[in-house]
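Some structures are shown below for you to check.
Shared between the two complexes below is chain A, which has chain B as its partner in the first and chain C in the second.
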Partner chain A sequence: MQIIVTALVVGGISAVLAAVLTIADALVNNYGEVSITINDSKSHKVKGGSTLLSTLAGEKIFIPSACGGKGSCGLCKVKVKTDVGPILPTELPYLSPKEKKDNVRLSCQIKVKGDMSIEIPEELFNIREYVATVSSIEDVTHDIKEVFFSIQDEISFRAGQYVQLVVPAYGDIREETMRAYSMSSQPSVKNGVELLIRLVPNGIVTTYVHKLLNVGDRIKILGPFGGFFLRDTDSDIIFIAGGSGMAPIKSILLDMMEKGVERKAYYFFGARSKRDLFYLEEMKEIESKMPNFHFIPALSDPQQEDNWQGEIGLITDVVDRYLSEQGDDVAREGYLCGSPGMINACIDVLTKHKITEEKIYFDKFG
Partner chain B sequence: MKQTPDFDKIQENMRAGSITGPGFLGHDERNLVDIISEDQAKVKELGLTNEIIANKLEMFMKQGERGFGSPVKVDDRFVVIVEESRGYIPCPFRHGHLSKKANINVRNIARKEEVDYSPISIHLIREHGFYQGKGSPYRLDPAKVARILELI
Partner chain C sequence: MGVPLNPFVIMIAAALTSNMVLSNFLGMCSFISVSKDIKTANGLGMAVTFVLTLTSVLNYIVYYYILVPLNLVYLRYIVFIIVIAAFVQFLEMVIDRFSPTLYMNLGIFLPLITVNCAILGGVLFMIIREYSLIQSLFFGFGSGAGWWLAIVALSAMRMRLREKDLPPQLVGPGITMIIIGIMALAFMGFSGMLPVQ
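Coming up: the complex of A and B.
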């Protein structure tokens, strides 16, 4: 009997304590309605308590983020003019000394607890959320899929920009996840976007796209984002890409072709073996229509059965060889898309050939 | 061994779908503190340290990075392939460390055995003595790693 009474008493105390904690949590974390002033002009009344990134998204203001607020891409930087507490350890790796001094913060890490004043680039007001329908999925290599997402409204973007693809929760993944992908279609295609998505082992979004996504599925897209686009100069262009890094370069090339841009352009595309090469016919067609464009695919590890007659070696070595043969007394710009290691190595090669770092462009979402 | 509430939170970060799709724990039901301490005992038994194992894994990664996804031979005894992806993975111990996303495959030619890991695996071993739970795709069993990388 005493055991039952003791159990009931302990259970009762626990229940009361749990209720007190729940009420306290609701009171402490209830920040009520607060105001966010953007660029000293627009003021938004919002409910406090969530991260700045998600609060702004609720107001249809989309800050670039490749990881969807997980604190792992460092893209969602916003200048905060109000004191929101010290920089968190999760923000530190992404902020330069100047950014820390200028009160730049990661909007996915700070919470909206009171009135705030922030600064964001004006172009972010043009970013929209679209609900797209998958209208085609094609394998372009053994691990890259070309997917076309149809959009009912028109989408406007610059060749080279990217969107964020939002996939729903599935399996063990308990919440929506988003990742950034560059458009491979050209801006004149207004009724949707084509993306190239390479399967990353254990990748949340790429696994969803490769294993679960079907034609007819509806999926959320945010965009367009990014400052990777062709600069309006007369310089020769050196494009370098590998794998799904093909996407923004293809978009830029198709856009150049449509606009009749006649600048001299070399496109070095690195792949391991022939099974990793794609769009060879498309590139050949662009070459036939743009006499100043040259496509140079290179294999770093060609297989015997590939019977490969083209360039062999790491893409950096191939670029180095070409530029050495041509000499460096030419005004050039570099446009890169690929893995971070490849981009770093390409920057070394291009700067060696007198292309300054300010004239080398690449996406910073990785 | 008793686990602190801090470790409970870290273990939660390690579950599938929290930071990465498959997570860091696999099907391991043990407490994080037990996973770590049992692997530490194995490392000691092998006459190794976390630092020695992490350094070797890092050396192979650096050698392999030169190939941009193509195989790189190391010491004529190993073949390394590093495939990088864009983005970073935050350390589940949430102290602000970020690792690049990559899959590193090291094959011991003579033994015909191979091991896969990622840059965060190196950090987790060096800084936290964590070799991941049983069943995790990037679990590095200390004895297996020592054998394949010829550390013993």
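Coming up: the complex of A and C.
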């Protein structure tokens, strides 16, 4: 008897409090219908209370975000013209002083609580949601898979840009998760996109792709996003990549080949040992068709059985050696793709060789 | 308890002579960590006062009208904590809606009030000392106000110390602990004036 009363009392008190909180949530967090005005022209009537990023996604306007709204990539910047309160501590690390002055905010961190007016670049309206079908999965190294996602309508993008892969909830992961991957196919392929996905230990999306994704599966893709593409100049090009950083560079190279671009280009690809190297045949073929292109793979830790004849050393040292041999009085541009550590180290090497930071374009995996 | 104490006496005593943080050393964690800036300290002090006052009353009702009649007094800790947690959650919602600035300034410390021992301590004192509902209300408010006063005073001192040359070993928590010790000494001087137990 006593046990039942105890359970009923504790349960009853908790239930009453939970009910009160639920009612309060419905009343207090109800911001009603608010309107978001975009670029002073289009106005959207939306339900308030959620973050700006997800509210806009509900209106089929996709702000680039690599982390999917966790506030860890700093990509979903939006200029907010209405006062939405001071900058949050979670936004601070991603905003430059100029952006702070212009009231640029992270759209995943601010909530829509009233009528708002925002400014976003026009090209974001090109971003669409595609439902893709997996048409091939291939292992290119022990931890990188090349996956081709076919889509029914056409996608148009610039070589070097990325898409976001939306993975459904699975296992212990309760909600949809999205991550950004650069396209490794060239823009002339319009019926789908090819992505290189490296298995990240405990990565939600990469684990899904490596362990659960099968040919024939349907999956959501958002895109294209990003400002990593070849600039139209006559300078020599220094590409540097590591691991799945191959993807956007491969796309750019195939695009250059198709368009007959004859700029001098060096592509330094860093890997640990031979088992991390891939696409050697493809690169050789591009080299044979583009006389001004040179592919320079470098191993930092070649194994004995690799029987490696090429460059040995950290990619930064190899780049440094090549650039020193050539001298620094040529106009050059750097295009880097890889881990933040590699990119930062490479930026130091390139600036040492008189390539200014404005001429160095990069795509960091964060 | 002989003569019922005047609620005002209880309030003053709770705020000054038996101050929550400086005589009973309850609620130290946020007292030390949120006292860097006077504005935030003020906001948190306000929130603690508000929560302490209202949870005292709520828990009084739950205790004397539910737990005591049903002989479930031994459930008091778990029930008090549930009530406090729910109330803080409610408060967080309201502050987020009506004062985003305060919400931002309080940040993580608002949810932390849930586990602020000053709140649970206040509620338990009220039970142990067998206060009436009105006495509890005044006691809760007084305790909160005392905590508020103490944290504002501490943060004001810490802000002044910021420009002073301190021995490097003492900067931060070191000097804060010393200041708190001296403040506690000063407050203990009052404790003989109004013996309230």
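Note that in this section the second predicted complex is superposed on the first by the 344 of 366 C-alpha atoms of A that agree within 3 Å, B and C clash if a C-alpha of one lies under 4 Å from a C-alpha of the other, contacts with A are read in each partner's own complex, and residues count from 1 in each chain.
Assume a contact is a pair of C-beta atoms (placed from the backbone, for glycine too) under 8 Å apart; a residue touches a chain by one contact, two chains touch by 3 or more.
Just so you know, these numbers come straight off a predicted model, no measurement behind them.
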item	value
Contacts of A:I13 with chain B and chain C, given as first, second, both or neither	second
Contacts of A:L314 with chain B and chain C, given as first, second, both or neither	first
Chain A: partner with more touched residues, chain B or chain C	B
Contacts of A:G68 with chain B and chain C, given as first, second, both or neither	neither
First (chain B), second (chain C), both or neither touched by A:P89	both
Chain B versus chain C as contact partner of A:P201, first or second or both or neither	first
First, second, both or neither for A:P297, with chain B first and chain C second	neither
Intersection of the chain A residues that touch chain B with those that touch chain C	89
Partner chain A, residues of chain C touching it in the complex	62, 66-67, 70, 72, 75, 78-79, 82-83, 86, 89-90, 93-94, 97, 100-101, 104, 107
For the chain A and chain B complex, residues of the former touching the latter	66-67, 70-74, 89-94, 171-175, 179-180, 200-204, 207, 242-243, 270, 272, 300-301, 314-316, 338-342, 345, 365-366
Complex contacts: residues of chain A adjacent to chain C	5-6, 9-10, 13-14, 17-18, 20-21, 24-25, 28-29, 85-86, 88-89, 113
Of all residues in chain B, those that touch chain A in their complex	15-23, 65, 67-71, 82-90, 94-98, 100-101, 103, 137
